[in-house]
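Have a look at the structure that comes next, please.
Here the chain labels run A, B, C, D and E in written order, and each chain numbers its own residues starting at 1.
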Amino acid sequence: MAQITIKGVKKNYAKTAVIHGVDVNIEAGEFVVILGPSGCGKSTLLRMIAGLEEITEGEIAIGGTVVNKLEPRERGCAMVFQNYALYPHMTVRKNIGYALKVAKVPKAERDARVMKVAQSVSLEPFLDRRPGELSGGQRQRVAMARAMVREPKVFLFDEPFSNLDAKLRVAMRSEVRRLHRDLGVTSVFVTHDQIEAMTLADKLIIMNAGKVEQIGKPTEVYNNPASRFVADFIGSPAMNLFEGEFDAEGHFVHGAGGRMNVSQLNGVRQPGRKVVLGVRPEGVRRTGADTHGAIPAVVDYVEELGASRLIHADANGSRIVALDNDSAELKSGTPVHLSLADSALHLFSLEDGRRISH
Amino acid sequence: MAQITIKGVKKNYAKTAVIHGVDVNIEAGEFVVILGPSGCGKSTLLRMIAGLEEITEGEIAIGGTVVNKLEPRERGCAMVFQNYALYPHMTVRKNIGYALKVAKVPKAERDARVMKVAQSVSLEPFLDRRPGELSGGQRQRVAMARAMVREPKVFLFDEPFSNLDAKLRVAMRSEVRRLHRDLGVTSVFVTHDQIEAMTLADKLIIMNAGKVEQIGKPTEVYNNPASRFVADFIGSPAMNLFEGEFDAEGHFVHGAGGRMNVSQLNGVRQPGRKVVLGVRPEGVRRTGADTHGAIPAVVDYVEELGASRLIHADANGSRIVALDNDSAELKSGTPVHLSLADSALHLFSLEDGRRISH
Amino acid sequence: ATKFEFWYGLSGDLSERIQDMCKTFNESQSDYEIVCVSQDNYDNNLQNTIAAFRANKQPTVTQIFDAGTLDLMLSDAFVPVRQLMEENGYKIDWANYFAGVGSYYSTSTGELLSMPFNSSTAQIYYNTDALAKVGFEGIPETWSQVEDVARKMKAAGYDCPVAFDPAGAWQWFEQFEAIHNQPIATLGNGFSGLNAEMVVSKGKFVDQLTWIKKMYDEGLFVHKSKDAGETANDAFVNGKCQITSSSVADHGTFGKQAKEGVHWTNAMLPMLDGFERHNSFVGGASLWTLKGKSAEEYKGAAAFYNFLATPEQTQWWSTVTGYIPVTNSGFEAMKAAGFYDAAPYKGRELAIKSLTMPAGENTRGIRLGNYASIRAEMVKTIQSVLFNNVPVQQALEEFDAKGNEILRRFEATYAGKNLL
Amino acid sequence: MIERSPFFDFITYLAMAFGALVVVIPFWITLVAGSQSLQEVSQVPISLLPSSHLFENLAAAWTRGDLGPKLINSFIVAIGVTVGKITLASLSAFAIVFFSFKARMICFWLIFITLMLPLEVRIVPTYSIAANALLPFQVILDTLGITGLVQAVSGVQIALNWNLLNSYTGLILPLVATATGTFLYRQFFMTIPDELVEASKMDGAHPLEFFFDVLLPLSRTNMLALATIMFVSSWNQYLWPLLITTDRANFGTVVMQLKALIPAQNGTPDWNVTMAGALIIMLPPLLVVAFMQRWFVRGLISRDK
Amino acid sequence: MERRAYYRNGWMPWLLLAPQLILVLVFFYWPTTQALYWAFSLEQPWGGGNTWVGFDNFLAIFRDREYWGTVLRSAFYAIVSTGLSMAVALTLAAFVDRSLKGTRIFQSIYVWPYAIAAPAAGVAFRFIFAPESGLIGSVNQIWPGIWDPATNGIHALAMVIVCHAWLGIGYNFIFFLAALQMIPRSISEAGAMDGARPFQRLIDLQLPLIAPTAFFLLIMNLISSFTDSFGLIDVMTEGGPIGQTEVMVYKIYFDGFKGLDYSGAAAQSIVLMLLVIGLTFVQFKWVERRVHYN
């Protein structure tokens, strides 16, 4: 259990800058998830913590010690790789015990520790198999056991579930959660799956193009996205985002002259101000034509989700998605009326994409 | 546009039977999705339609003609492969036009048709690039364009989106839908992603272990799963399924002696009958301790989904998941009370897993 | 003109002389054109000839060395030269050929099978300055004198008194056996049957090899070979070694290549004390006419042989190389013309002298099957004695055993055939 | 890699430099000796710096080894083998990998086994086949009685004869016959995803269209690797040309000439000329490898994922 | 998994295979059959005929001490040259695999020996190892007679073996490097995270993972040392001194062509063939049974 401090960290590959200066503080025992689109630098950041990648600039400290110059083995981190990176030629037992063997832990103690860890992730029956003879989920557990056995100060996970199918992913999620609850080791978990991120994180770090966009609790990030990028990235189906401006009457004008009554945004409705208005599909509901502020729209198509469905519609040239629980059939071309829930509006600057508080 | 009739089709690889007899009727112009877990034989069935796999037994007819003995090129099907299977050394233009070239379509006509198709999937700017220089989504579109250019009678898709990330998948979904709406070509789409299946299908075929489990509209399948397998497979988070039996008083007894009041199942509650009771998480709600029939449970953990959250709890030894919109924090170990929505109960035979109507 | 091929096994200077000869022949008449192809050395030429014969691509005429004579005789692949010449209307006085030469290439009944061509025998070569320096008067004639001289040379500061190349089994071994009338194999070295047996380990060569080994160990014989970086001949003409033994064919080459200030002479091979000198073996090669060619080509071959047999040609060949004239008349004519009286040809008559010494039952020649392989075994045998200290008696017994194996194999291969 | 300590990097460079030295020394010595005069080359110890006589030596070697025509022969043979092998190998590998027929595995093994028994092992009998490459067919005809039949009917005696000795065909064909190429192509073809074949089937392409339109363009890197291997190995053939050419003046290859360049039994030990000759002989394949090495290595590292 | 994208087409595969099959039949199976026949008979060198002798030829070579000497020498030659070449190549490949700056230059140099004809290398090495001149000759200046491949069979053999090993470096290097580079990087990284240092990772992780390649190379090298040694020996020592550098192939050539003993040579060829087939068989057994790691 150790605190991790990342100060002004940058990373260049040859000439190209990949991480542009990241500052993060991770408390001891915290479970931090780094989330971001592919190529944004998540793995790079994680690997710099691990010591697998040199730090171009800045400082990383683990448990108070600056580790910039330390070899991976000296940092007390354990890592679970995306493709598990199990040693294919060793049995599960040897895979798990390899770190101990390298550390010259006596055989008896080693065996005991391997056994204990294997039990904790229900791997005892497979200890003498090779990774090739295991299912995806079992391999994943071996990777975790291997990380656990060293009793590291920090766990690092690089998209550990991305090779698993949906069902297994859900199961592994709860296993990781349990692991963290039991051991309480500081963990950094990289993913680009937002459900994974939302459900696992104590603290969520949203990265984009080598920069941190937002740090916060999952609900905080969901409910108060700090930028247009985060708003768009978090939540599935994605938030409806309309580019437009306020007119003299304070209406929000968008698309091919669509107008929305957004009186709840009082205070920021400077006429002519160019903004992006965001509202989640669950904040858009079907309503009667006579409802105040109802937006007329035409159904494009409907996506059936089972319990609910998504209405994709066109509102004056802007695409809008609404979550609907009604099961009546809606043909393409049907006119509907939609209203935006009051509390659910988000506003971002069109220029820099930052959130505009209201 | 052609009708597809699959009659008593079986497939063996050497000695092992992989498809055990499938009968399906696909109407001309219909969009059919085959959904099932990995290895259930979806691809095999599709490939038999395409002519890439011999039919061991039974008959497949396309547009009224039995095609069992026809070469792929004689069947009038086009196929989009999971990993696109683009010709890596050809430009996009050549990839799309290859089928026409092979068919000896004159160059001028070929170019015109390629151009038209490319326009319809917005690929014109990339016509002279190689597949390696395209993003995943663009490649996917090339694969579709390649299938479209031949103006086939049937489109076959084998998990065409499984290599795309979540955002792109949603986008491609609507593109496929548009394509089908515009061309109206009979389509068979294989996937193991249920969202994809639910949202795309006119008709859903659920397969399991080489057999068809259920055929129907997506909502029908969601609301009336024909078997325990379908119930478990469709819906995310998955349906809660409790194995148990009815006691003398008609209560449903499960787990470590948990009892549920399921009076709405009147008529099928023979004491001692062993059944599986199913209820979707959205049919499980938190309720007061004094509500009639409330089930006491202990929170294990809560998964934050952003708009809502899932409460994973233990009810007398049975795991139960409830969908919750409340945002109050729920620590592990908190006792709660849950109630099952009346209309949402499903009952399956414990023996053969078939649905028990009530 | 009819073209026909002649393959030969000489290289370097000697190869160029052959080319000269071919040119002369081609220019001397217009009916035939001979194409002369070098195959580098005798071994190669034999192998390539066989290979070509099997493929029906053989030359009309091929030059086969002494060691391959029996291989040819049993091959059923040639046209006997006497028959060839008769059929083509040439009258050759076969009796004019030196008896030793003729008999080597004839059947037991005296039928000459191949055309004698470049005949030689072995000689010993001395650096006369070195001999003078150690105060030896004249030329050593016995091996004990050679030993004595070599010892003195060593003492006088010569690093390499005698150049010795184990590959020279022909001069160091075969010719030794001949002049001492020692049998290499029974049945007159195989002349009277394919069932001859090797007997080297039972004869005088045991002592001789023992002596060579002693000389080698004392540094009086010095190993000179291609593998060692410098051949014995080179070492001799460069003045680095003072004595060497080689074919008289090299007499001409030595004359040309001897470094400034290196004075040398040749002599018949030395004898062991107390032995009567017998004739040495004819070395070199003869020309064989191969079967399977057209009559026209045979006409050409015959014309070519006839051309070789002319006195002028015999004399020219003998002059530009060190090979001996193969006919009595040729030799007599040259002698009469004073050819042998002065340098650079003086000394070559010793080869004839050596060849015409009294004959013994073991001096007719060697008629052993696959003899090239047996010779190669002898090279190994000498090497193993010198380099690996294998006891001489044992080494030679092994050599005999090895040789017998080769002979028996040959006999079995040609089972049912008899010596001609 | 992971550890980046300067000390370890230093060790790495040191080891690599040492390795380079081991590899380069023979080339260097060849060059140095080839550039020296007879006196210089005979010195002990030899100087390790090149001298100024390279061109004379090259010229001397050129004439002594008659390298001009021999180089041309070597090129003809090497290119012939390369082209022939690539053609044959790609076709047969195509058949073996992409077609389903009963004797598929038997054919594969029939061809593959030849990989295990290089020419050197069957020198002697191979020679006789070179004398008449049609002999097997003659024997087949004879044993089937066809020869006799035809002779009885038409009076014509069937005598198949095709002599390969002293011919380019003879130098080339037997080297083309071996399975290296087929094996390499097979390995590569197996990495071609099934879907690509299927896509072309769906596009209506004939197998040969698939072969020419898809497979060949895709195997370009492998083709280059194979070409390199084939060129080098056929250029470097020694025993076979030695055997099959009795007429060395017209059909000899450069590598065979090496022996002719080694100082002769009673010639001067002019190793400088020998080495200059060796230099000429080594150069073409070396250039090919140096030039192709990028593709060469890449072609062998067919990462099948 | 078995490929499934097969074409079914009656005659086409045969048409495609025909050229190769015919060549293989003519140049491989026919001569091999002939060798088999010769090995059981006595073939006259000039092709005049032959007599059936059963196993006599084999008995003859098996009774021959010299033949066994050649076999043992071949084995020694094979093991030492293979070991040497592979060890050097592996070491170089392991360092190159670190892909430091400038490694590519080294990498391309290491491939060079592959390009060189064995006889050409033989000439160069013969000069380098010549006792009276060359590079190694200098030791004779200090200790006269300490190095003499012309008379010392062991020296001569060492000289040939070193040259053979050198020739193999390029080939071995490429394959080792390819194998090393095909190990997922993350395996090494996992090793590093587990605390293993580079050398330990080489031993514990990389070597076991490239074992199939190493084994393949081992067999290829062994086979090549049986067969490719001919050119080298022919220009370097011609089997001498005292036949102490004579290996099996050289003896086959020598006995058959120089010694005109076609049948003995054929019998030896058959023995060598069996040996090589045996080795290849071992390889296949092993490769078949090799752990499929993924």
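The rule we apply is simple: a contact is a pair of C-beta atoms (placed from the backbone, for glycine too) under 8 Å apart; a residue touches a chain by one contact, two chains touch by 3 or more.
Each chain and its UniProt protein: A, B = Sn-glycerol-3-phosphate ABC transporter ATP-binding protein UgpC; D = sn-glycerol-3-phosphate transport system permease protein UgpE; E = sn-glycerol-3-phosphate transport system permease protein UgpA.
Predicted, not measured: the structure shown is a model, and the values here were computed from it.
Asker: Give me the fewest steps it takes to get from subunit C to subunit E if each step has to go to a chain it touches.
Answerer: 1
Asker: Show me the overlap between the contact partners of subunit C and those of subunit D.
Answerer: Both-contact set = E.
Asker: B-D versus D-E: which has more C-beta pairs touching?
Answerer: D-E
Asker: Rounded to the nearest whole Å, what is the centre-to-centre distance of subunit B and subunit C, using the mean of the C-alpha atoms as each centre?
Answerer: 94
Asker: For subunit B versus subunit E, what separation do you get between their C-alpha means, in angstrom?
Answerer: 57
Asker: Would you give the residues of subunit B that are in contact with at least 2 other chains, written as numbers and ranges?
Answerer: 52
Asker: Going by the touch rule set out above, which residues of subunit D reach two or more other chains?
Answerer: 2-3, 128, 195, 198, 201, 243, 269
Asker: In subunit E, what residues contact two or more other chains?
Answerer: Expected reply: 4-5, 130, 132-133, 189, 192, 197, 257.
Asker: Okay, in this complex, where on subunit C does subunit E touch?
Answerer: Residue positions touching the partner: 43, 47, 50-51, 53-54, 71, 75-77, 223, 225, 227-230, 370, 372-373, 376, 380, 383-384, 386-388, 402, 405-406, 409, 412-415.
Asker: Quick one: which bits of subunit E touch subunit C in the complex? Just the residue numbers, please.
Answerer: Contacts found on subunit E: 42-48, 51, 53, 60, 64, 66, 130-133, 148-153, 237, 240-243, 257-261, 263-264.
Asker: Using the touch definition from the top, list the residues of subunit B that touch subunit D in their complex.
Answerer: The touching residues are 47, 50-52, 71-73, 77-79, 81-83, 85-90, 98-99, 102-103, 146, 150.
Asker: Subunit D touches which residues of subunit E in the complex?
Answerer: 3-10, 12-14, 16-17, 19-21, 23-35, 38, 88, 91-92, 95-100, 102-103, 106-128, 130, 132-135, 137-138, 140-141, 166, 169-170, 174-175, 177-178, 181-182, 188-189, 192, 197-198, 223, 226-228, 230-231, 234-235, 249, 252-253, 256-257, 262, 265-266, 269, 272-273, 276-277, 279-280
Asker: Provide the residue numbers of subunit D that touch subunit E in the complex, in ascending order.
Answerer: Interface residues on subunit D, with respect to subunit E: 1-3, 8-9, 12-13, 15-17, 19-20, 22-27, 29-30, 33, 41-46, 88-89, 91-92, 94-101, 104, 107, 110-111, 113-126, 128-129, 133, 135-136, 173-174, 176-179, 182, 190, 194-195, 197-198, 201, 207-208, 232, 235-236, 238-239, 243, 255, 258-259, 261-262, 269, 271, 274-275, 278, 281-282, 285-286, 288-290, 293, 296-297, 300-301, 303.
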